[in-house]
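Two complexes are shown next, each including chain A; its partner changes from chain B in the first to chain C in the second.
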Partner chain A sequence: MHVTVEIAGEDTHELEVDADATYGDLLAPVDLSPHEVSVLVDGEHMPTDQPVEHDHVRVVRLIKGG
Partner chain B sequence: MECDKCGENAVLHAAYSGLHLCESHLCRAVTKRVRRRIREDGLVSDDATVEDPETWVIGLSGGKDSVVLTQILHDTFAEDPRIELVALSIHEGIEGYRDASLEACEELTDDLGIEHVTVSYAEEFGVQMDDVVEDDPEGMAACAYCGVFRRDLLSKYAEELDADKLLTGHNLDDEAETALMNFLEGDISQIAKHFEASLGPFDSSADAPTEQTREAQDHHIPRAKPLRDIPEKEVALYARFQDLPAHITECPHAEEAYRGEIQELMLGLEENHPGTRHSIMAGYEKLAALAADTYGGENGDTDYGECENCGAPTARDLCRKCNLLDALEAV
Partner chain C sequence: MRPDLDPEQLDRYSRHIIMNDVGPEGQAALLDTDVLVVGAGGLGAPVLQYLAAAGIGRLGIVDDDVVERSNLQRQVIHGDDDVGRPKVDSAAEFVTGLNPDVTVDRHELRLARENATDLVADYDIVVDASDNFATRFLVNDACTLSGTPFSHGAIFQFEGQVTTFSGDSPCYRCLFPEAPPEGTVPDCATAGVLGVLPGTIGCMQATEVVKLAMDYGETLEGRLVAYDAAEMSFEEIPVAAKPDCPVCGDDPAIASVADASYEGRCSLAED
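For the complex of A and B:
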C-alpha cells in the first residue's frame, strides 16, 4: 500500500507499507517515535495500533521542550 | 478503533495499559491521575485551613506541561479555600522564544483569574541567556547556566511569595529520564536529594508510593511534581484537546546532549516494552526512599549555609549562581 506521510512543518515522505500496517508502523521509516507525535487523518487523531486505511496522513510533533 | 470507555472514536492507544481512549476520556484520565498523585503525595497538608490557607506557587513557563498543570490545579482547587495558587514565570532573555510563551502564561492566568508574577534574568542578574550563550565562560551547555539561574529565581520568588510549596510541570518522561541519568551516573546522594526535594510523599498514608516520607527542609521550599505519572504525549494531547494556550516551540539554545541520548533510549525501550517508564519510576521511588534513609536528612553530607554574596542557601561560600555571574562578569 502506498501512503503519503506529511510531517507538519517539515518534509513529506512517500512510503510503501504492508497491507496490514498500522498508523504506528508509518513512524519508524521517518525516524519518529509514537511517543513524540500524533498521526492525523482528515484532522482526526488516530490510535497508533489502528490499521492504515487512508493513503495520506499528517504527523504532528507534540513534544518540543517543556 | 473505539474508546474502551464509551465507544466514541479513539484518539490514543496507551500501550502501557492496553486502553484505547477518546478525547474526552483521555482528558478525564489525565485529570484523575494528577488528582490521585496529589492525594498520594499528601500535598494538601492538614495544616491548610480556610483561616490559614497554603500558598502553592506554580512554575509557569507557558510550555504545555506547566500550562496543563496550572489548568488542572485551578480546576481542582479554585473552589477550595485551603489552597491559594500563584503562577511564577521567568524571562530568560531568549529573543523570539520566551516573549511568545509569556503571552501564553498571561492569557491562561487572565482566563483563570490566577495571580501571575514574572521576573527576568535581565532585571535580577543583569544578564540575558542570548548573551550568556555567546560568552560561555565555563564551556558549558546553555541549559547548564539557565537551569542554575532558573532554580535560583524560582526558589527566591517562591520564598518572597510566602509559598508553602513550589509545583512544577515535570511529566513522566522527564522524571524517568532523570531517574535513569542519576542511576547511570551512580550518584546515590543525588537520588537521595531527588527524594527529599520533590519525590517523597509529605504524609505517610496507605496510598503513598513509599512508606517513608520526605524530611522537612528549612533551606528550600518543598517542591512537588503532580504530572509525574502522565506520559509527555498525553500532556501534549490534553493541552490540544482542551485548547489551552500552550507554546510548543523548542528553545533555540536547547542542547542537553546526554538527556537526548537517554530520551531516545527510554522511548525505544517503551516502544518495545510498554510500561517501561512507569516501572522505572515505581522502582526508582522505592530506591530513592532507601537512599534518602541512608544519605538524606541528618545523614547527608550537605551542610547548608547562606551565600556570602546573595544569601541564597548553599553548601559553599558562594552559591553556584553567583559563581557563574562572576565568570560572566570577567568575560
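For the complex of A and C:
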C-alpha cells in the first residue's frame, strides 16, 4: 500500500507499507515515535494500533514548551 | 458592556476606536473581558503585553516560578532586576505600568486539579501559555468541561503551534488524547528555543483572544497553525472532533477534572 506521510511544518514522505500495517508503523520510517506525535486523517486523530485505511496522513508533533 | 469610555481611554484606544470593525463598542468589549493567562514565561510574556495594551479589563496571571536570568532571552516582560522575583509580581508590575485600566489578579500557584475549575470559572477566556503537559491537559479539561474558550500555544526550538478551542468540541485531547511518557518529548530547557519564537506564537494567541473578546473575525477553531521560524513558513492543519474523546466525545469518561490524573500520561484517574 502506498501512503503519503506529511509531517506538519516539515517534510512529506512517500512510503510503501504492508497491507496490514498500522498507523504506528508509518512513523518509524520517518524517524518518529508514536509518543511524540499525533497521526491525523482529515483532522481526526488515528490510534497508532489501528490498521492504515487511508493513503494520506498528516503527522503533528506534540510540543511541550511555552 | 460599558459604552462610556472616558477621555483618557478615548485617547489611549483611539487607533482601535477609529477602526470601523472595532469602534467604541469593540473597545468596550475588550475592557469588559476577563482573561486568565496560565504561564508568565515565553508565551505568556507577549500575550500579557498585548492584552494589557489592548485594554483587556482584567488579567489573571497564573505562575509559580521565579524569574531566572536564562528566561530573559525571550520573556520580555521581565527585566534583569526581576531575577529571583516571582514571575506573577514582575508580570503584574509590567501590566500595571503599561496600562492602569487593567485589573491584575496575581495567582502565584501551580494550576492543579484542586484549583483549576474555580480559577477558570472566574474568567471569560483562558490562554494556555504553559510549559508542561500536566498543565496543558488540565487547562484543556477545565476549559472544555466549563465551556470556556481557550487559546493553545506551544514552542520548541524553531517550531511553534497555535490553535483555539471554543470550549466545546474539538478539544486538545481530540488531537492528543494523552500526554507522552515522561522524558520522551524534550522541553526548551534541555533543547533550547529561539528567543523570538514565543513572540510570534504569543502574539497570535493574543490576536485570537482579542477577536474572541470582540466576537469578530474567524478564530483558529478547528485549525492548528504550525510555524517554522527556520523556513519562515506557516502550515494549517485541520483539527476534527474525536467521537471517542474522553472529554468532549459522545460518551466522555472525564466529567470533571477529578476524573483524570494530571501526572504521567494525564489519563483517567485510577481511584
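List of remarks:
The definition used in the following text is that the second predicted complex is superposed on the first by the 63 of 66 C-alpha atoms of A that agree within 3 Å, B and C clash if a C-alpha of one lies under 4 Å from a C-alpha of the other, contacts with A are read in each partner's own complex, and residues count from 1 in each chain.
Rule of thumb we're sticking to: contacts are C-beta pairs under 8 Å (C-beta built on N, C-alpha and C of every residue); 3 or more make two chains touch, one makes a residue touch a chain.
All of these numbers come straight from a predicted model, not from anything done at the bench.
The superposed arrangement places chain B and chain C in clashing positions on chain A. Once chain A of one complex is fitted onto chain A of the other, the partner contacts of A:Ala8 are limited to chain C, with no touch recorded for chain B.
By the touch criterion defined above, A:Ile63 reaches both chain B and chain C. Contacts of A:Asp42 after superposition: chain C is touched, whereas chain B is not reached. Of the two partner chains, chain B is the only one touched by A:Gln50; chain C is not. Of 40-48, 184-192 or 238-246, the chain B stretch that intrudes into chain C once chain A is superposed is 238-246 (criterion: clashing C-alpha atoms). 33, 35-36, 38, 44-45, 62-66 are the residues of chain A that lie in the contact sets of both chain B and chain C, per the superposition on chain A.
On the side of chain C, the complex with chain A involves touching residues 39, 41-44, 128-133, 136, 153-156, 159-161, 174-177, 180-181, 184-188, 193, 198, 222, 224, 226-228, 233, 235, 237-242. For chain A in complex with chain B, the residues that touch the partner chain are 33-36, 38, 44-50, 62-66.
The part of chain B that touches chain A in the complex is made up of residues 1, 9-13, 15, 20, 23, 61, 63-66, 169-171, 173-174, 231-233, 236-237, 240, 248-251, 254, 267-268, 270-271. For chain A in complex with chain C, the residues that touch the partner chain are 8-10, 33, 35-36, 38, 40, 42-45, 58, 60-66.
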